[in-house]
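For reference, the structure I am asking about is given below.
The chains carry the letters A, B, C, D, E and F, assigned in the order they are written, with residues numbered from 1 in each.
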Amino acid sequence: MNAPNLTQAEQQEYQQRMERKSIQMAILQFSRLTQQCFEPCVEDFTSKTLGSREEACLTKCFEKFHNGQTRIAQRFQENMAVITNNGQGGF
Amino acid sequence: MSFIFGGQRPQPSKDEKFAMLDMEFETSTDIFTRMMGSCMKKCVLQNNKNFVEGELNKGESVCLDRCVAKFLASQQLMQKKMEEASKNGGGMMGM
Amino acid sequence: MNAPNLTQAEQQEYQQRMERKSIQMAILQFSRLTQQCFEPCVEDFTSKTLGSREEACLTKCFEKFHNGQTRIAQRFQENMAVITNNGQGGF
Amino acid sequence: MSFIFGGQRPQPSKDEKFAMLDMEFETSTDIFTRMMGSCMKKCVLQNNKNFVEGELNKGESVCLDRCVAKFLASQQLMQKKMEEASKNGGGMMGM
Amino acid sequence: MNAPNLTQAEQQEYQQRMERKSIQMAILQFSRLTQQCFEPCVEDFTSKTLGSREEACLTKCFEKFHNGQTRIAQRFQENMAVITNNGQGGF
Amino acid sequence: MSFIFGGQRPQPSKDEKFAMLDMEFETSTDIFTRMMGSCMKKCVLQNNKNFVEGELNKGESVCLDRCVAKFLASQQLMQKKMEEASKNGGGMMGM
């Protein structure tokens, strides 16, 4: 898929649109992360406040995902660069 | 989500305002849907393979109440961690 | 996130947009519910019509989710009100 | 989904008409995707951990046919229940 | 839900919109399929290249889903035709 | 995805161009999200029921690197199969 040519004005407009989309995506990613950590970390419903063990688990879970995501994003970009240079096209 | 909306532009256009409201709507919807999925799984589905009863029993009801409170508390906690990570220059989740 | 200020005309227009979005969301929620009840309730594929036991299970499943969702929505709103009043902001 | 579209407005604008058609498209797509997910899981994936064969065998084919019929029948049944709940003032799924 | 009446110009415009939406949907379906086959077929991470057994599994998995999807789509359309003719309405 | 975009129209309008770019963005986002889900599951979550440690250890890091490479290779392979199926008149996944 060849990227379409944009005029300068269109580029600016699209830039703004992209920013909004990225924010939107980040928010949804955050809410997915909340669920992904909630499910393994919170299993006791005899109380309605988080216990200290649950809080520690959520914190470590957040860090683990944050670190994992950062690493995956780096490798993703490196691999995509190789694939694109090999002329196999992106998606 | 103050870690995302840093500086606000002065006078947003109608489309921008609507886009912001859409975002808020989709965010609440998404968090609600996920919370419902997790809480139904933890409080109701685990013990209801056959659905012999449509009403929520006492145990399920209390469990759901606590689950909602804990889910939102987890969300607040993670948001705090996210803001901290964001301040330390980590950027938004590696993307 | 501060809600943007809308003029009265914009409010009316957005209201209509919201209605459509809510309908859309309700439809997708319904189709998710169908799948969620189908999976545990329908397990016999020696026939192509629903058996009476399967129908009963689907009906109870629907009621259970309907009741669960109603309760969760109430608690969600109560909790959000408390969080917002504490000045911790929404999402 | 007559329980959702109660009274129709007299003369919808182009945007409104397109939005209605979009909704119909997304609804069919969503239901199709979910049906496919459930039926592939129930009829094919449970017995294919290693995918030694790309063709559907007789048992899988017949199972898929029945699964589609039952999924759509379940959908009709749940829709009926939804309409009943809606009439009794319950509103749309608590939201 | 009654389909809204479109003028001829609107029909043409919507046709194009539909094409884009169908492409979008096909792409997302493809990426879901990639994940669905990756998860059961690729389990060894002592190397960073696909083994021949993994490649064979991915290929068969693709064919299986492709065949399954084709069959389900046919039955879906047949069943929907019956439901619509019975006057029970679509979704 | 050359199997999808067959003939390109001569001069797309601004809306069409934006729609194409949106599509590209959503496609990359979707593939990234799925890859992350699968690789975190295979390399990290299976051995971390309790999250005692926030850092990635050596084994997890190496596993993630390989998982990304294999996921993208799988995606390329499946794309090739898709293009072959498409040439043989099968159309796009039966829909």
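We adopt the following convention: a residue touches a chain if its C-beta (ideal position, glycine included) is under 8 Å from a C-beta of that chain, and two chains touch if they have at least 3 such contacts.
Keep in mind it's a predicted model, so treat the numbers as computed, not measured.
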item: Distance-maximising chain from chain D - centres being C-alpha averages; value: A
item: Of all other chains, the one whose Cα centre sits farthest from chain B; value: E
item: Option in A-B, A-F or E-F whose residue-number contact pairs overlap D-E by over half; value: A-F
item: Chain B and chain E: spacing of chain centres that average the CA atoms, whole Å; value: 29
item: Distance between the centres, which are taken as Cα means, of chain E and chain A, whole angstrom; value: 25
item: Chain centre separation (chain B, chain C; CA means) in Å; value: 14
item: Contacts with 2+ other chains: residues of chain F; value: 1, 5, 27, 31-32, 35, 43, 65, 69, 95
item: Junction residues of chain E, two or more chains touched; value: 25, 27, 29, 31, 37, 41, 59, 62-63, 69, 71-73, 91
item: Chain E - residues contacting chain F, complex; value: 20, 22-35, 37-39, 41-43, 45-50, 54-55, 58-59, 62-63, 66, 69-74
item: List of chain F residues in touch with chain E within their complex; value: 1, 4-5, 19, 23, 26-27, 30-31, 34-35, 37-38, 41-43, 62-63, 65-67, 69-71, 73-75, 77-79, 81-82, 85, 90, 92-95
item: Chain D contact footprint on chain E (complex, rising order); value: 1-6, 10, 14, 17-18, 21, 25, 29, 37, 40-41, 57, 59-65, 67-69, 71-73, 75-76, 79-80, 83, 88-91
item: Residues of chain F that touch chain A when the two form their complex; value: 1-2, 5, 8, 12, 14, 16-18, 20-22, 24-25, 27-29, 31-33, 35-36, 39-40, 43-45, 48-56, 60-61, 64-65, 68-69, 72, 76
